[in-house]
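Across the two complexes that follow, chain A remains constant while its partner is chain B and subsequently chain C.
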Partner chain A sequence: MFNVITALLIVMFTGLSLYGRVSILLLACVSVGMAVFLTYFNSHSHNEELSIDIMAQTSRLRDFHPVLKFWTLIALLFICVASKSVYTGIFLSIMMMTLSKFAGGLKLHNYIGVLIVPIRFLLIGGLALLLETSPEPMGIVNCNIFGIWLCVTPISQIKTALVISRAFGAVSCLCLLSTSTPMPDIIAVLRKAHCPEFIIDLMYLIYRYIFILTSLHHEMHNAAKSRLGFKDYRTSLRSTAMIYASLLGRSFQFAGKNFDAMESRCYDTGISFLQRDHQISPIQVFVCAVIMIVSAGLHFLPL
Partner chain B sequence: MKRSIMKKLLTLSIIAAAFIALPMGAGAMHIMEGYIPVGYSIAWGVVSIPFLVVGTNRLKKIFADNRRSVMLLAMAGAFIFVISSLKIPSVTGSCSHMTGTGLAAMLFGVGTTSILAIIVLIFQASLLAHGGYTTLGANTFSMGIAGPLLTWLLFKAGKKMKINRMANAFIASSLGGLFTYCVTAFQLALAHPSEIGGVAASFNQFIFVFAPTQIPLAIVEGLLTVLILMGMESYASRELAEISFMEA
Partner chain C sequence: MSEILRVENISYQYSHRYVALNNVSASFNAGEMVAILGSNGAGKSTFLLCCNGVLRPQSGEIYYQGQKISDSKKDIYTLRQAVGLVFQDPDSQIIAGTVESEVSFGPMNLRLSQEEVEKRVDQALVQMDIVRYRDYAPHYLSGGEKKRVSIADILAMQPELILLDEPTASLDPQNIDALEEILHGLRNEGITIVLSTHDANFAYRIAQRAIVFAQGEIIADASVDEVFSQTETLRRAGLKKPLLFEVYESMQKSSTALESEKKPRTIEEFKNFVGV
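Here is the complex of A and B:
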């Protein structure tokens, strides 16, 4: 169902964005082609909340120096968002997908699966940007709903294309960062950036507790499901709330026991973990520099 | 002739989008990476800083007074992350998630919630690709500060007015959720004003396209918050009493 609706959204959005700019046949081909491509490769599932963590742990780009990778991608994010040209976003989207697939060894359907949630938001938000409300029909496509005209104007098409390309480029950078950098490496980068020590400790603990709570939730969910706890909407709501309440109660009990265990092992303040040693190689610096220079250069290309 | 048929088809597709496809939001309304211009990204970050400084100071004090609370807060952060990533029963058939920050504001106070929220948002960007780093400031303000602040204020006011505690929790968390959604729509409208009608028209458009998901979600979040509190009272009352010292 999600795939069908996402495909519908893609067809509608692409159709409205390019309407009047390309021939009707090409428009139909592009819209349907994009919808089929994304739907076919979409493997997103909400039972795999932490699948990105597994992708990051197994990525070949994991050994790329995390400090260099993190700050380069953050800089690229800002270059992309500040760009006045759609080509920066397009270039970064293609570049990040290529790097994830060929340098990181990530399967294409996993990559699209990660991108599918942001894409839905971009399409819904994109429709809001594309459609202008007006008392009179004044666009190239006009639709009257309860006396108000929803119009698609050439200016709104250009504005939307720019926003969506920027956002897609930025989301692609985020996707490469997420699927190639495990959370502990990101926390270590933040520590090096002088983030307050107690926040770093809190982040390490939260990261570890997330896995405990997720596995506990799966057990509780299965137990409730096997007792018909999700047989109708009312029961589902009650079961969900009971599971969450029990999860919060159990998590606080765990926290108490955890503190006792840590204190008995001489915990004072500060939590330290062994970090992998990463070396910056000239090729890593070269790749980062080239991508940044090209992205910044594309900024000056006309729309 | 062909062109007019195409126009009609496109018009119909807009109506279909409004009634069929739009309730497909991704739950808690994160602004996606790259969706707002750099100037606004930085500005929302700057607006959030004073609240985060208050939160940091509050946490420092809590940790100095009671070191055990580090674990409790870490668990609370993990709990917010987990419930915000899990699908909840939704009336519109969309894929909805709780924000969890309203519940956190009632349990821990606004300052603490803002710090937990920014950490959870970084985790959501890194582990779920929801939200992002350039929109961290805007998302922190809407989901970690504005919504929880209203929830906390309403909860405190309701307590003073001696409104039934569960009704009070429902009203506070539902309205907090709705307020988060309105603030996010405002942030989007400010960043992308409409060609005809400016920020106000754009605000109405964003409110309209996200309403089918966000209004039922706010009501469901309110119901779930009440049921969670009732559940905790029956079998985790000791833990509830333990966290009461953290109230701001």
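Here is the complex of A and C:
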């Protein structure tokens, strides 16, 4: 169902933003092509937050120096957001997809599966930007709804293209980061950047507890299901409430035990782990520099 | 045998519950393998938490190598480092995102140098045979592997005595065998092992001495053979005799010639014993 809506949104968005700029045939091909591409490659993904972790754990880019990777991608994100050209965003989106596919060894449908949520959001936002209301028809596409004209003007097309390409490029940078860097590595980079200790400690614990509580929730859900806890709407509501209440209780229990276990290993103030030094290879620095220079250079290309 | 840890008349009461430990005394000597037996809620876990210094008993004293452990941070840290505690559920012990960082948590807390921490982590990973999982996230490991990680956690702190709370809980037979091997290995390296369990068969196979808990009190502290021959003690503690022990006893009743033989504790020993 979501896939159908996404596909329709893609067709609408691509069609409206390119209308009047390319021939109708090409327009139809591009819109339908984009919709088929994204929905086809999204058809296998599920349980995103946990599968991102597995992708990051198994990515070939995992061994890429985390500090270099993190700061390069953050810098690219800023370059993309600050860019005045749509090409920076397009270049970065394609670059990130290529890198995660060929350098990271990530399957394309997994990558799209992660991106599809922000894509849906961007499409809806993009449509809102694209359509302007006016008392009379003034665009290249006009539609009358209850006496008000919804118009797509060439200016709104350009504005939308810029905003969406910036946003999509930036999201792609973050997508590459999160599918190639396990959370502990990111936390370690933030610690090196002198992020406050208590935030770092919380991040470590939250990361660990997401998995413990998710699996606990899963078990409780199954246990409730096996006792007909979800047989109708009323029972489902009741079971869900009970599961979450007991999950809260269990998490307090877990926290208590965990604190005991930390104390038994001489925990005093601050959680610290061994950080081995990664070697930065010249190739890694070169790749990062090239991508940054190209992205910054594209800024000067006219739309 | 030199004494490592001694507890004298310790008592502990959780604020909302009955008395968990009532006037308990015991001592552990270097190189021992001791099983703490008792049913659920008998006070075994509380006893282990007190021995490690996480819980401070409301009365009584703890001595480490003859030195009384005071309430000072220094004393408590000395105790926690020398007497490691492996928790029953690895998930309530493991906090890090990778196996390597998890094992490094203890040594890092001891404020050791980077090289020393690296050395100890490597050593513990090798000892527990989990080097290949070094960069794995703990949540993708199986129950048996997590148990190894939780033991490596403690080994990296190089304790003299390791307390294990219900180490066989939720392990399959194969992993229990592997655990037994690990524990024998540690003992051969000179580490004293104290483990709590309600699995009499496991305790009988592995331990030399048994301490029996019932309702927060120690009701027996003797060699394993002696403890398991005290039917009344076992009944009070809600425990069963080990299967092989019972088989041996039954055979003994039918034939007096068995008296001088060494009692078989494992299936292999039993097969030798009956000549199969």
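In this section, the second predicted complex is superposed on the first by the 283 of 303 C-alpha atoms of A that agree within 3 Å, B and C clash if a C-alpha of one lies under 4 Å from a C-alpha of the other, contacts with A are read in each partner's own complex, and residues count from 1 in each chain.
Note that in this section a contact is a pair of C-beta atoms (placed from the backbone, for glycine too) under 8 Å apart; a residue touches a chain by one contact, two chains touch by 3 or more.
Computed from a predicted model, the values in this text were never measured in an experiment.
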item: Greater chain A contact set [chain C / chain B]; value: B
item: First (chain B), second (chain C), both or neither touched by A:M183; value: both
item: Partner chain(s) touched by A:L129 [first = chain B, second = chain C, both, neither]; value: first
item: Partner chain(s) touched by A:D53 [first = chain B, second = chain C, both, neither]; value: both
item: Which superposed partner A:L205 touches (first chain B, second chain C, both, neither); value: both
item: First (chain B), second (chain C), both or neither touched by A:F254; value: both
item: Touched partner set for A:V141, first chain B, second chain C, both or neither; value: first
item: Touching partner for A:Q284 - first (chain B), second (chain C), both, neither; value: neither
item: Touching both chain B and chain C, residues of chain A; value: 53, 183, 205, 207, 212, 254, 258, 262
item: List of chain B residues in touch with chain A within their complex; value: 2-3, 6-7, 10-11, 13-18, 20-22, 24-26, 30, 32-38, 41, 56, 59-60, 63, 67-68, 70-79, 81-83, 85-89, 91, 93, 95, 115, 119-120, 122-123, 125-130, 132-134, 188, 192, 194-197, 201-202, 204-206, 208-210, 220, 223-224, 226-232, 235-236, 239, 242-243
item: Residues of chain A defined as touching chain C within the complex; value: 53-54, 57, 62, 182-184, 187, 204-205, 207-208, 211-212, 215, 254, 257-258, 260-268, 271-274, 276
item: Interfacial residue positions of chain A with respect to chain B in the complex; value: 1-2, 5-6, 8-9, 11-12, 15-16, 19, 24, 46, 49-50, 52-53, 74, 77-78, 80-82, 89, 114-115, 117-118, 120-122, 124-125, 127-129, 131-134, 138, 141-143, 145, 150-151, 153, 155-156, 159, 163, 166-171, 173-175, 177-178, 181, 183, 186, 196, 198-199, 201-203, 205-207, 209-210, 212-214, 217, 230, 233, 236-238, 240-242, 244-256, 258-259, 262, 269
item: Parts of chain C lying in touch with chain A, wherever the complex brings them together; value: 49, 52-54, 77, 80-81, 84-85, 87, 89, 91-98, 100-102, 104-110, 114, 117-118, 121, 135-140, 153-154, 157
